[in-house]
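Data first, discussion second: the structure below is written as structure tokens.
Chain lettering (A, B, C and D) follows the sequence in which the chains are written, and residue indices restart at 1 in each chain.
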Amino acid sequence: MGILEVKNVGKRFGGLQALSEVNLSVKENSVHAIIGPNGAGKSTLLNCLVGKLIPDTGSVMFDGKSVLGRAPYEINQMGISRVFQTPEIFGDLTVLENMMIPCFAKRDGAFELNALSAVLKQKDILQKAEHMLEEMNMADKRHMHAAAMSRGDKRRLEIGMCLSQEPRLLLLDEPTAGMARADTNNTIDLLKQISDERDITIAIIEHDMHVVFSLANRITVLAQGTPLVEDDPQNIRGNPKVREAYLGESA
Amino acid sequence: MDAILLQILNGLDKGSAYALIALGLTLIFGTLGVVNFAHGALFMIGAFCAVTLQRILNLSFETVDETQTDFLGNPLKVKTPYVEAWFGPEVGGSIIDWAVPLAILFAIPIMIGVGYVMERGLIKHFYKRPHADQILVTFGLAIVLQEVIKYFYGANPIQTPAPDALNGVMNLGALIGMDIIYPVWRVVYFFFAVLIIGGIFSFLQFTTFGMVVRAGMADRETVGLLGINIDRRFTIMFGIAAAVAGLAGVMYTPINSPNYHMGMDFLVLSFVVVVVGGMGSLPGAVLAGFLLGVLESFASMNEIKSLIPGIDQIIIYVVAIIILLTRPRGLMGRKGVMED
Amino acid sequence: MSEFDASRRRVLKTGAIAGAGVALPTIFTASSAAAFTNEPTGGTVTLGFNVPQTGPYADEGADELRAYELAVEHLNGGGDGGMMNTFSSKALQGNGILGKKVEYVTGDTQTKSDAARASAKSMIEKDGAVMITGGSSSGVAIAVQGLCQEAGVIFMAGLTHSNDTTGKDKKANGFRHFFNGYMSGAALAPVLKNLYGSDRTAYHLTADYTWGWTQEESIAAATEALGWNTVNKVRTPLAATDFSSYIAPVLNSGADVLVLNHYGGNMVNSLTNAVQFGLRDKVVNGKNFEIVVPLYSRLMAKGAGANVKGIHGSTNWHWTLQDEGSKAFVKSFGTKYGFPPSQAAHTTYCQTLLYADAVERAGTFNPCGVVEALEGFEFDGLGNGKTLYRAEDHQCFKDVLVVRGKENPTSEFDLLEVVEVTPRAQVEYAPDHPMFAGGNLGACNPGA
Amino acid sequence: MFGLDKKDTSMLIIVACLTLFAPFILNPFPTDSAMAQFNAGYPDLMQRFVIFGIFAIGFNILFGLTGYLSFGHAAFLGAGSYSAVWMFKLVGMNVIPAILLSVIVAGLFALLIGFVSLRRSGIYFSILTLAFAQMSFNLAYSVLTPITNGETGLQLTLDDPRILGVSATADGSIPVTSLFGLEMRSTFEMAIGPWAFQFNVGYYLCALILLAAFYLSIRIFRSPFGMMLRAVKSNQQRMNYTGLNTRPYTLAAFVISGMYAGLAGGLMASMDPLAGAERMQWTASGEVVLMTILGGAGTLIGPVLGAGFIKYFENIFSKINDNVLHSWFSFMPDGMEDALVFIVHPFIGKGWHLTLGILFMLVVIFLPGGLVEGGQRIKGWLSRRKAKDSNTSGETNPAE
């Protein structure tokens, strides 16, 4: 039994069958990559996992509980954090405040009318956020406006924010898309470090094979809305069906 | 049955004014991304173009008539319009009579000019500013414009009649064997609105210029990247939108005497129309304009008022709320436009 | 502390301080230094002219303001004296009021109760106005009247036509010279009956707020008493600009008279729309279709242009009246401003003179003295014939004009012609008439 | 102090001083000078300054923090006013129950409208709130007249029951609003030389409530809740994917700001017991939007400044007439005097709207952050100048 079990998921948009018969099992503490050519349904699948879309058929179980029909914030509170393709952070807030918000969400739940106590008096939250900033090597930027940072820094901040929630499953949607090579390698190192040091499962949707093969210990290939094959990285590398799916796309 | 047909007519008629204003608003919003609270003022300026032309045509010289006296007992000064003196009372009189239709020609260059100056002089600097700032500055502009008009024309409504030939009523129901009496000018107004709306749509649909503008409305950055000077075209679109509002105003003057705050009266309503239609959607704006016009007319029927007292006071808002709750982005709105 | 002139405010305060012995704050509440609110102690007295300067009635407000300025000029002995010469009471000397030079402050009511009260309050609290006057709508008049009652100053209403101003909402400190909805009905109905016969069916379109309702009630009652039938009373939203959807059903309702209980922009638009729909050319039940606008105003009639021709209504006063008072007023107003005054200008001018005269006769600015002088005061020479300020409700009773839109105007001001001057007796009613019941004048309040 | 940091404490103290000494600050000109026209230190206007200040502070909690632009906040102000006046009519003239009821009623009303309107965001939200407010206004003006007294506005009468008070005072007047016997309208006057200052009980009650409201808003701004609201404005998507439910946060902000509006409405009725339907019109909602943006949305003090700015123009500029102009310029030669009066004339009296419109535009064009930004720029300019002075002196010293 994996921590995330996707069974027979299908999703149709008008005349387009975006997903059909998707079965997927993500093992606890693994790094599981989902790859596939453009239009394979990777993003649709991801959106079904986090509550943005509701699949037409099938089930999605996280840790033995169904996530279907739950709002994104509820799914997050169950322990799934998501990193977006373009970093989604609170641009108008300072870096430290960005880091504090997930800490509050972890401590107080989805809503808490905490209107009279001062933020600065929340020592535990401050400590935790500062600690996470240090871990992400951005303590010196704590009073900067988040929007003013470089893209790489924003990505680190977003990952840090997700981690500070101590999620059980971290979902990453093409985390290195549009990044320079150096930034990409930094991100790979960071993710490696996270998966080595923490008790966490990572599911990653990726286009870039370099990233996939540096990180993943399990890979699912998606093509035309349905899983083609699921295997270890070394087996995927040589699989002719996978090649065909990719070459067929480029041809 | 007659009554219902009559109210549909009424509604289409009211709706044409809403649709024209909403169309201009949407053009500006869709192309420039600017929320223009001064659009009602443009409508009002258009109406005052008609008033101004009427005044120009009525410019008179005075002759003293000793046989009559004015209210203070002095000899009466009789005014004769120059136009009548030049062309004779017959021709001159009918020129004055046709002031409102003539004002269309008068208003087009003025409105395009006003639009151009507004866009280059003010709106241009607000493209990158938040919507709230755009609303505030255009609202300020609307106040200034209406106060300027009030300073010169006063606060009272000013009568600007349609030409005598178009002033009567006609029986629209004659063809289908019913009795539907309707004022000629209102029928003219409706067809005028349809013509303008059709013109704008075909302009956008069938000309290269229109194509570029439509592409720019959909994705400004990409079109900009193609090396097309989108800004200049958008400036022209602003002028066109101003002209549409202005013409709607010109033609509206015989229906209701214009006054300086008529723009504000229409402003809120036209925003409701635009939003109900869906921000940025031209067909949505037109559709919502006619829809709300017709519903408003129905709500003012005695039968419906006796069912729900006061419904005609709030119908527009009730419909707006229902539509926005069932269709999150209005009738035909696109996702992500003005949602944050 | 020793250098002050005889200015009102300073003397007031110095007196109070001297009384207290030291320069400490003095409390102005009931029974303290002054006898009544804003007692003028210097050489001047301040009046507050609170008129709409922005919004749809701004032109009417501007005309009221002109009349006030003229009245102040006359009170201070300037100009030709206007109606002071024809006024039956000769208490006014042209040396201000009680020898004090008249000064004034102006404010903007915006035709909103809130703004009007704010403006009136600033006149009372900041400028020391001892009387407030003006306004161009009943809502504002009633709101400001209530305020003046509480503050202890006199309110001389401007243009307000609702029965409630001197009915349900009457106040001891408030006075109305203008006529009201009931009087319009009483004056109009017989004329309409003579013109159109007693077998008529009326359809009312009414602005959906209190003034509209009281007028609708008054007109319907008066016409029904003479045999007319009322087929429908339809309320139209205040914000409506296009009345076509309300006019259209009239065509098939079987009515042969349309009564437009609208004022201002509403009136201009509804009348224009009705004429557009060809109502005037229609023949119903074998009779010509007629339109009636019970409350006419020349300023508004101008906005409706040729559409007013031949349409009957009532008005408080019109500049073509040929009595001495009217002639004098038109002359001095026309000479100063170049055009004849409106009925709003007339009523506000009269109110100013009436107030000043009452103060002279009472010998005091104390509101209670003024109230006493005005209650039951009978006068003549202000343009409407013999007039009574009735003690029971502070309403003026005078002749009412029935007018008609002129077919061939000779100038832009010559839009209405007087059809009949309805004598005062015909428009009088008992103070406890049901349309005016429910109010309580209360006691005069001198404030402070 | 009071659980605030140093900067906020000093701001609170500054605001406290400004409001408590307002009768002096707003009356800088001697009573008989020509400039007395610009004095704003009379009870009614001072009350309005603080009441609209409270309204704008509340609005800013919603708009400044969450970015949700409500175009219907006047409805809550109106609802508050009506409740307060009904309290005076039915129960008694004490202002405390009236104000409490108006806050509660406005809060409930806001809960209802907010619950529906917050299902949409952006301009769709704005139009929903506008629609609700316009409905309230139109109905209050017409169909709901039995409750609202329509056009005239709800007023007190001599026949009101007032079960805990008297229907009429001994001398036949309507009783006045009071706080346990302390009449709201009573005013202390103080004359110092040619100056006159008025201290009004009602004003000081409003001022104290303003301080409390301002203090509360500082606490909200600095609280985790306030931070969450700013996060909503910044990125709702991230909020949702961080396990936070944005709806209750925005709804809470909406209700809180609605209660502020109700408080303002209740106070308005307590100072002057009348509630008119115009208070709910869209122009009134627009006014508070203008106040907030003009002063500086999202800043603490901005809305109060904006409220003061607009109310000052409305009440002071509208009262200037040609007579006053002539008295100002009377020291000049006749021709010049007339010319000046002619030039200034369109901008005063009935032209006050024009002046206000022009100033709006100038502020928005040149000070995107509102008046607060103007203040900051002046401060920055002064400190730069100071720094430059000390620099230059530092440079010149060694040379000597």
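Here is the rule we go by: a residue touches a chain if its C-beta (ideal position, glycine included) is under 8 Å from a C-beta of that chain, and two chains touch if they have at least 3 such contacts.
These figures come from a predicted structure and were not determined experimentally.
Chemist: Out of curiosity, which chains are bumping into both chain A and chain D?
Modeler: Chains touching both chain A and chain D: none.
Chemist: Between B-D and C-D, name the chain pair that shares the greater number of C-beta pairs in contact.
Modeler: C-D is joined by more C-beta pairs in contact.
Chemist: Central chain, going by Cα centroids?
Modeler: D
Chemist: By mean C-alpha coordinates, which chain is most distant from chain A?
Modeler: The most distant chain relative to chain A turns out to be C.
Chemist: Could you tell me the distance, in whole angstrom, between the mean C-alpha positions of chain A and chain C?
Modeler: Using C-alpha averages as centres, the distance is 74 Å.
Chemist: Give, as an integer number of Å, the spacing between the C-alpha centres of chain C and chain B.
Modeler: Computed from C-alpha means, the inter-chain centre distance equals 36 Å.
Chemist: Which whole number of Å gives the spacing of the CA centres of chain C and chain D?
Modeler: The separation of the two C-alpha centroids amounts to 33 Å.
Chemist: Using the touch rule from the top of the page, what residues of chain B touch 2 or more other chains?
Modeler: 310, 313
Chemist: For chain A, write out the residues touching at least two other chains, lowest number first.
Modeler: none
Chemist: Give the residues of chain D that touch two or more other chains, as numbers and ranges in rising order.
Modeler: Answer for chain D, listing residues that touch two or more other chains: 138, 141-143, 353.
Chemist: Can you give me every chain pair that touches, using the contact definition above?
Modeler: Pairs flagged as touching, ordered by label: A-D, B-C, B-D, C-D.
Chemist: Which of the residues in chain B come into contact with chain D in the complex?
Modeler: Those residues of chain B that touch chain D are 35, 122, 125, 129, 131-133, 135-137, 139-144, 147-148, 151, 268, 271-272, 275-276, 279, 309-310, 313-314, 316-318, 320-321, 324-325, 328-330, 338-340.
Chemist: Enumerate the contact residues on chain D facing chain C in the complex.
Modeler: Interface residues on the chain D side: 31-32, 39, 42-45, 48, 138, 141-143, 145, 149-153, 155-159, 168, 171-174, 176, 183, 185-194, 196, 198-199, 272, 274, 276, 278-279, 314-315, 318-319, 321, 323, 349-350, 352-353.
Chemist: Okay, in this complex, where on chain D does chain B touch?
Modeler: Touch list, chain D to chain B: 67, 69, 116, 119-124, 127-128, 130-132, 134-135, 138-139, 141-143, 236, 282, 286, 289-290, 293-294, 297, 346, 351, 353-354, 356-358, 360-361, 364-365, 368.
Chemist: If we count contacts the way the header does, which residues on chain B are in touch with chain C in the complex?
Modeler: Those in contact with chain C are residues 2-3, 6-7, 10-11, 13-14, 17, 68, 70-72, 76, 150, 154-159, 161, 167-169, 181-183, 185-186, 254-257, 259, 261-262, 265, 296-297, 300-302, 305, 310, 312-313.
Chemist: How about chain D: which of its residues touch chain A in the complex?
Modeler: Residues 3-5, 219-220, 222-228, 230-231, 233-235, 237-246, 248-249, 252, 256.
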